[in-house]
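A single structure is presented below for examination.
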Amino acid sequence: MPVIQVTLIEGYDEATRRKLCERLTDAAMASIQAPADAVTVAIMEVAPAGYMRGRMPKMPGAPVPPPAALCLDFLAALEARELDRAKAMIAPDFQMTFPGGAAFTSFEDLLAWARPRYQRISKTIERVEEALLGEAVAVYVSGTLQGERPDGTPFEGVRFIDRFETQAGVITRQEVWNDMGELGLSLS
Amino acid sequence: MPVIQVTLIEGYDEATRRKLCERLTDAAMASIQAPADAVTVAIMEVAPAGYMRGRMPKMPGAPVPPPAALCLDFLAALEARELDRAKAMIAPDFQMTFPGGAAFTSFEDLLAWARPRYQRISKTIERVEEALLGEAVAVYVSGTLQGERPDGTPFEGVRFIDRFETQAGVITRQEVWNDMGELGLSLS
Amino acid sequence: MPVIQVTLIEGYDEATRRKLCERLTDAAMASIQAPADAVTVAIMEVAPAGYMRGRMPKMPGAPVPPPAALCLDFLAALEARELDRAKAMIAPDFQMTFPGGAAFTSFEDLLAWARPRYQRISKTIERVEEALLGEAVAVYVSGTLQGERPDGTPFEGVRFIDRFETQAGVITRQEVWNDMGELGLSLS
Amino acid sequence: MPVIQVTLIEGYDEATRRKLCERLTDAAMASIQAPADAVTVAIMEVAPAGYMRGRMPKMPGAPVPPPAALCLDFLAALEARELDRAKAMIAPDFQMTFPGGAAFTSFEDLLAWARPRYQRISKTIERVEEALLGEAVAVYVSGTLQGERPDGTPFEGVRFIDRFETQAGVITRQEVWNDMGELGLSLS
Amino acid sequence: MPVIQVTLIEGYDEATRRKLCERLTDAAMASIQAPADAVTVAIMEVAPAGYMRGRMPKMPGAPVPPPAALCLDFLAALEARELDRAKAMIAPDFQMTFPGGAAFTSFEDLLAWARPRYQRISKTIERVEEALLGEAVAVYVSGTLQGERPDGTPFEGVRFIDRFETQAGVITRQEVWNDMGELGLSLS
Amino acid sequence: MPVIQVTLIEGYDEATRRKLCERLTDAAMASIQAPADAVTVAIMEVAPAGYMRGRMPKMPGAPVPPPAALCLDFLAALEARELDRAKAMIAPDFQMTFPGGAAFTSFEDLLAWARPRYQRISKTIERVEEALLGEAVAVYVSGTLQGERPDGTPFEGVRFIDRFETQAGVITRQEVWNDMGELGLSLS
């Protein structure tokens, strides 16, 4: 039955404030067995001239670009082979781990590894979920894969899950699991 | 730079209140690019005689058992083959999906499926993360598998990830991905 | 010595907010023996993008038309024999009870009952008071009656009191007491 | 959808705090067309060492004895002819007005006036409602009268309404209307 | 680690609100050994229609002209011999006390007393500090004096301190101490 | 007309909380021309399990020993020639400046300087005022001196003022002005 009140400096856009309200509601519901209806969230906005921390006026922090949207955008760029666009979304120490433990730091290496495995591959995304980790946010994307093997055999409905780690608006890490091997669709 | 104040009826234990404070901090940090240090959370506890919603006094809702702990406990029960203990943690419509899409609703069916695949299997858990979904919480558990194949060949370091969905203190769904197939360790 | 703070979604007009402040002050003064001066009320208005209950944005509820004004308006319409105007202010199950227990649901029946009792009657209103009943509000109107009996004899200064019950902007019930009988001015 | 938070110095008993919560809920519901369920009230109690107004510590004001209970108690005392008990509940300038405008300041005068009117009279109370007037509270008591006329004729079901005005724990004024005259039960 | 929230009626200018935030921060830091960074101040501004004390709407009080600026302005006016300007800044019962206990209520008397002491004198101000006294504010100004004695001998670096008392925008009192006597620069 | 609410972790003693309330009242009164009566301060105490900054629980900071009391205590120790007690109240870089600009860092040097000036000296303290400077607090002590000159001549009523600077519970600096020179009581 909690009431959650947030004192926030003026200047955040509506989408950011709504997202904050949703996440605070979720935080309460995950902690206390309350019906959603019993959780009230209100943001009290304060003018900059009426806000001080450490005896200093403050400016609103930058809104955090939604990590889920970032990762979906990244997957779309990769599927479209727009590598430059994808590169703009990753941290300098970005790292990828694929089924079987294959690890890459460059998209070029990844593509070389993938070439003998499938001619074409795309994702049907069923679920995108965020786990908040303090400074970082993990984004879990799951669904099914479809495509064509090098010999032209099509495949579809292959379960996959990706875990991304994002921080400060970029992706620092991607890990991939799928059923390609289980279904005899991998190289091994 | 937000200050988050929660008005809460008295009676929640310390662990629940601390967890709530952490989750609210995470909710703010995931929404606004603020250093952790700039996020203050305070719970103002209110005596039952000073709390009304709908012109009716209220009691504290039950604390929600931490979903992460529930899922780890479930995995431990399963690994120890304590099926009754595991059954006490699942919802009536509980469903499991394993690599290759194998779906089960009973542990007995699962064990029958697993028997020809490995003699012994256990998990080294590296990461447990919660994604808050409103009424439900998804718990992602990942790490590596080790064990022995039916012919006695040992294996280890096999990447896995489990996604659980929990609601109202029980597990409603488990989905599993791993590299067994990719590494030629599956039946297929 | 209470401070009363109301978190309210933006969009209520000034009159509604002032009325709310007055009623909250009265609620405090009626409960705690504090001088008016010690009661502070402040309404913190929150933008719709910063307000959620049940994880859903909310709109301001409609302001409640002041029940006292509604009842005075109704009495004026009735005195002016503007029956259509009066009918627009009553609920479908509206009921009137007059001295001696005479009960009516239509104005026409009421007028037929009144015709042999007085040629002309009007009210001098001295006091209008509201009792808040949760969903409903009772309005008490009292003062004196003046008019002319059927035989032309004038009368004045006859004490009366009306109790109205209002809900959701309409009148559901009217009860009337007066001294007409006591003073030998009634039919009986 | 208002949240009402009251900052109150510690020390008020539970009944007073609950009553305050109810009255604040009523104040909101009478002003804004919100379902009761959408009104949350919370009293934040503050230790005396953490409360100052006018740079001075404060003590909790005396709770106001519920005016409705006071008036019912007064009526019971009067009906039982416990005049001393009734006198302890009235202000020095207490005044009563009865049907026909008969006004009294002493119970003895009232009883002298009533004696030729009825041998015995008692009230069946159907409704007690408070109207908050700032410093004062009006209490409306209504229902029916039953008793015996001086000649032994019984009567019952006679509609009555009393309006009391209370302030600072005592009754300052009582006004009475009833259907005795209308029903030919009065002297006139 | 305190969070200080001020509910303030709308209408104070930015400078006043910033000054208030600074002073509240100082009040916390002087009372609790907290790093400045741990003190958050937020002013929640409330529209006049949403503010009542004593069941009456309120207007913002006049901002208090900063006492330090007032006293510096007064010293400048005096040094420039703009006596009318200085007179506009003092209360009717203004009083000055100078080294040796010389007390004056008029600038003319002061100047007569000063004439044989120095031909010319001016202040180098090093520090201006305010002590808040409730209704009044004391302003301490200290630094060094320089000038010329009647015989033309120059002097400089002579320590002085002035204490002013201000209230409601005017100066009620000035007290002066300095090292003129100690250094053999006074008449005595 | 401000309401000042402080969210504070539980555990500060009553004296500290009262002092904080007084200082916050003063901060408001010095900024806004409000009567003291219109300033309400309330400290909402929060249990440690319900308080987090930077996603970490916090402990109450140490209360700051009242700077005014510290300086008076220091003056008493010095007057009683309890040099060890006085030394315990000063910072390592403590510095004193006396009339004429005489500067000392050790009490022994100070006493050597004072010996030829007066045989005995004591203070009558009339006023102690604090100016809050963020991390530091300046304390102004003023009144009159009395004592005996080396030749046995008594003196009294000599105006003095001391400015102390304190930080983190110790005195970092003392500056002294008085009328000894002006009155021909100094050596010069």
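For reference, chains read A, B, C, D, E and F in written order, and residue numbers begin at 1 within each chain.
The working rule: a residue touches a chain if its C-beta (ideal position, glycine included) is under 8 Å from a C-beta of that chain, and two chains touch if they have at least 3 such contacts.
This is a predicted model, so every value here is computed, not measured.
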Task: Labels of chains that are neighbours to chain E and to chain F - done: B, C
- [ ] Write the angle of the rotation needed to overlay chain B on chain C, where the fit uses Cα atoms and the result is rounded to the nearest 5°.
- [x] 180
Task: Repeat of the B-D interface, chosen from E-F, A-E or C-F (over half of contact pairs identical by residue number) - done: A-E
TODO: Report the inter-chain centroid distance for chain A and chain C in whole angstrom, where each centroid is the mean of the CA atoms.
DONE: 57
Open item on the list: On a C-alpha centroid basis, what's the spacing between chain C and chain D, in Å?
Closed with: 19
Open item on the list: For chain D, give me the residues that contact two or more of the other chains.
Closed with: 1, 3, 5-8, 25-26, 29, 36-38, 40, 42, 44, 51, 53, 55, 134
- [ ] Please categorise the chain-chain contact pattern as a line, ring, star, complete graph or other.
- [x] other
Open item on the list: Once the touch criterion is applied, which pairs of chains come out as touching?
Closed with: A-B, A-C, A-D, A-E, B-D, B-E, B-F, C-D, C-E, C-F, D-F, E-F
Task: Of all residues in chain A, those that touch chain B in their complex - done: 1-9, 12, 16, 19-20, 23-34, 36, 38, 51, 53, 58, 60-64, 67, 97, 99-101, 129-135, 137-138, 140, 142, 157, 159-161, 163, 168-169, 175, 177-184, 186, 188
Open item on the list: Give the list of chain C residues in touch with chain A in this complex.
Closed with: 7, 44, 46-47, 49-57
Task: Touching residues on chain B, where the partner in the complex is chain E - done: 1, 3, 5, 37, 40, 42
- [ ] Please name which positions on chain D make contact with chain B in the complex.
- [x] 3, 5-6, 8, 14, 17-18, 21-22, 25-26, 29, 35-45
